[in-house]
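Next up: the structures, one after another.
First subunit A sits with subunit B, and in the next complex the same chain sits with subunit C.
Moving on, here comes the complex of A and B:
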């Protein structure tokens, strides 16, 4: 028993070292820009760089647009599949898993072939068109996470009965979705939204190949030309991701509690 | 029936190749409380859901207040519904739940508040307005669900096994409350249940359903005392069924387990040698001779079940066992298993089943 516990602690310690050591190393390195002393100079350099601000804001806006479009696409779809087409669930599971199987580079080359300037819908012909294309690409990348988060949220409520109760009270589909379903899966939607945010902020392949000024390509560019600043940027990116994860935990505390069914 | 408020006319419903409702007909008067009673899978909930608009009939028509609503969407019918699973919106407070239908209809804030207060008073939960559903017991949730269904003043109220998820004591008090509220509002109500005691205790009429059809529609008294089919007789209450053979049709004599019963003018067109099913309620049988009970059969006590106020005794008579109920008498012990006993009943209490 005692030996078992010892082994457990040993493996936990190994795990912590495996995950934490590179982070500690990166953090320590990012603080060494000033010779002979720890300082935040690398962070100030990164945060003061106008390209950081531009690319970060661009990616934030893209993430917000991706979240809005993703929610508008996924919530009604997942709701309808649960309500009316339960037999389609395995098919939907398969479709929404495809972005994990197909590499982003394949998707983006497909986009470029389909929507180039000589195609029937020349989205890559303008900056706005390319932004729209990139945003849809991000929606596809985030689909596995957003769909699962929403579907899990829908599983926690009695979708059919709540829908029928709202219908019997005179509500139409828009009212049911906006006032009954969405508020009850809001936490799940927010979880999906934070995951989407974290994915979009760090995405490189699509933004680089579509030549958009996003945060991912900026990180790559900085990494190729500087020493300490990329380490500071990596720590900042980790902090953003962790902040998203922490927010998921915080908002889940405000979820509407399901009522007791039996007394 | 002159001008029924709800008329279900030749309604049928099939799911694929399975017909779950067959030629269902029922007229309900305004202000009447009608229950659909039957075992699981008999089609009672499907009929209710067709009235609510959640299922579309394969054939037939549903008319409410003279208007054919068969093809109307559920949100266009103005029919209130209470569900077995309560179905309160978890993200809304009690007051917001009750006011939901009025808000959807575009009522003013003041009107909604006034109606919510009225409804909370009606269900005797005036202090619960700001609570959330998870803060309420099952009985309280179902009362809120009832208030929510009634708040928009629906034409018709549908109750889909609303008491099934509650414990026994709450069920009894809530069913009495539902009936009192229904009477005070005079709202036409259809109630679905598989619990015969529930249906018998609160309904004006009961439609006993089996195999997608209404086997019998009648008052609780008629359903219990004059069942028209073997299924109704067996499903509603406990019943002793005796198989007999007509020995003298002209004199109304039927042979049962070696004895002979006289059923004058109740054999219909039966002829000598015809087989008949005769039914008798346990409370219509006495242990030992009783004045006014003209038929006696000898047997042996095989089982005794003490049920509190009532003792159910099973007596082997001929080749079958007959159940009878006697009131508990604290002054005398219940009969013992194995004792010889004589049972008596009035042949007038025998039901001849079709």
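Moving on, here comes the complex of A and C:
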């Protein structure tokens, strides 16, 4: 057992070296813009760049729109499948797993070909239409995580009883969904939302191929032209990812426990 | 008798048959928006690619696009893509498994578990462009790791033929999200390993090696293979990291397709279809293996 523990510490230590090195290396590199001294110059250069502000705002708005549309789409569907169409669950699982099977670059290629200006639904013809298309693409990318999170959240509450209780008090479907179901799966929805945010904010392929001014293509452009600023961007991006994951951990402390009864 | 169908609790229900029919039409409506969304933005675009790869430019059926994939440059692109994906998935599985094993069964203090899993969650989502920047800043010619190796150990990384913009460099970079992903997937499987199995094995006289070879690995095998398949698909479809790292200098399939869509779409769009179709086939096979093996391994994780 002692030899075991020695090996364990060794593996963990090697892991720490591999994972810490790029993070420390990036942090150190991002501080070196000014010759001979550590400074935050690279960060100020990045944060002060109007294109950074524009693209970052664009991607934040995109992420928020994706989350709203994703929640409106996924929560009623997952609820309805649990309540009325339990036989559909394998089919729904299959559909929601598809975005992990089909690479995003293939999906967006399909969009370009299907919704071009000479098609029946010329979404790429206008900037707004392309934004909508990109947003739906992000909803597709987030689907596996969002659906899984909400479905797990619904498993922890007794959907049928809650629905019948609400119905017997005279609630309609909209009231049930917005005032009974949604608050009960709020933790799951928030987890899915933060993960979606982390995915969308740095997404590159879809935004680049649809030519939208998003944060991902901006980072790529900066990386091709500058030396120290990209490292600062990487640190910022890592901090955002970390914040999203930390928020997931924080909200999941408030998750309702699964009901004690046997089904 | 009339009240025995469904939840006919409402006294207003006069004719159960008509309510049943109404409920069915409602049930359809409930998922219709989702189905429409999936059809428009997931199924139809993919079908367009699949069908397009078997079509000539005027719409007739052809196998020429698929046949065009078998030219040396495209074969080479698929080959290096598959090599990078296999290498990063294999190494990711291996190191991820070692760390997860150390964490779950290695006798380490319990407080390590939570930070490792949290960090894995962060690192497995830290991909794309920023990851490429991080590795360029660390393993580039002036990066911290390169300088440490040179100044402290006298090892000239680049003198040894190391290049971040290559097969080895890309694999090293992909491991940054592959290892944490393995840890996240394999930890529940390791948690499911009963201590009784180990005790039963040693009571029957098994050595540690025999326990691993004849008990633990056969149980974990489906999880490990399934993780491998998922990691493979994960790195095979990744574009952003490779593109930010190498530009277009390393021709892996996703980058080839990216360039094709961006630049030469008008020249031969159907070759692009075929390239994309090939990607779907390969990630599809990998994911099919993953889902199949996961359902097999879940028998033990209960």
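Convention: the second predicted complex is superposed on the first by the 252 of 263 C-alpha atoms of A that agree within 3 Å, B and C clash if a C-alpha of one lies under 4 Å from a C-alpha of the other, contacts with A are read in each partner's own complex, and residues count from 1 in each chain.
In the analysis below, contacts are C-beta pairs under 8 Å (C-beta built on N, C-alpha and C of every residue); 3 or more make two chains touch, one makes a residue touch a chain.
The structure presented is a predicted model; accordingly, all values stated were derived computationally and were not measured.
A.B. asks: For A:118, is the partner it touches subunit B (first), subunit C (second), both, or none of the two (neither)?
C.D. replies: Touch status of A:118: no partner.
A.B. asks: Considering only the touch criterion stated at the top, classify A:172 as touching first (subunit B), second (subunit C), both, or neither.
C.D. replies: first
A.B. asks: Using the touch criterion from the header, give the chain among subunit B and subunit C with more contacted residues in subunit A.
C.D. replies: With both complexes superposed on chain A, more residues of subunit A are touched by C.
A.B. asks: If you stack the two complexes on chain A, which partner ends up touching A:180: first (subunit B), second (subunit C), both, or neither?
C.D. replies: Only subunit B; A:180 stays clear of subunit C.
A.B. asks: So, A:225: does it touch subunit B (first), subunit C (second), both, or neither?
C.D. replies: neither
A.B. asks: Just checking: does A:162 make contact with subunit B only, subunit C only, both, or neither of them? Give me first, second, both or neither.
C.D. replies: Touch partner of A:162: subunit B, not subunit C.
A.B. asks: Need the overlap of the two footprints on subunit A, from subunit B and from subunit C, as residue ranges.
C.D. replies: In subunit A, residues 164 are touched by subunit B and also by subunit C.
A.B. asks: In their shared complex, at which residues does subunit B touch subunit A?
C.D. replies: Per the touch definition, subunit B meets subunit A at residues 52-54, 73-81, 83, 85-91, 100-101, 104-105, 132-134, 136-139, 141, 145, 148-149, 152, 158, 165-167, 170.
A.B. asks: In the complex, go through subunit A and note every residue touching subunit B.
C.D. replies: 157-158, 161-162, 164-172, 175, 179-180, 183-184, 186, 256-263
A.B. asks: Could you please specify the touching residues of subunit A with respect to subunit C in the complex?
C.D. replies: Contacts found on subunit A: 1, 4-5, 7-9, 11-12, 15, 18-19, 21-26, 28-30, 73-74, 76-77, 80-81, 84-85, 88, 92, 95, 97-114, 136-137, 139-140, 143, 164, 195, 198-199, 202-205, 208-209, 216, 219-220, 223-224, 230-231, 233-234, 237-238, 241-242, 244-246, 248-249.
A.B. asks: Please give the residue numbers of subunit C that touch subunit A in the complex, ascending.
C.D. replies: It is residues 7, 23, 26-27, 30-31, 33-34, 37-38, 40-42, 44-49, 52, 95, 98-99, 101-103, 106-108, 112, 116, 118-119, 121-123, 125-126, 128-139, 142-145, 175-176, 179, 230, 233, 236-237, 239-240, 243-244, 247, 254, 257-258, 261-262, 265, 269, 272, 276, 279-280, 283-284, 287, 291 of subunit C that touch subunit A.
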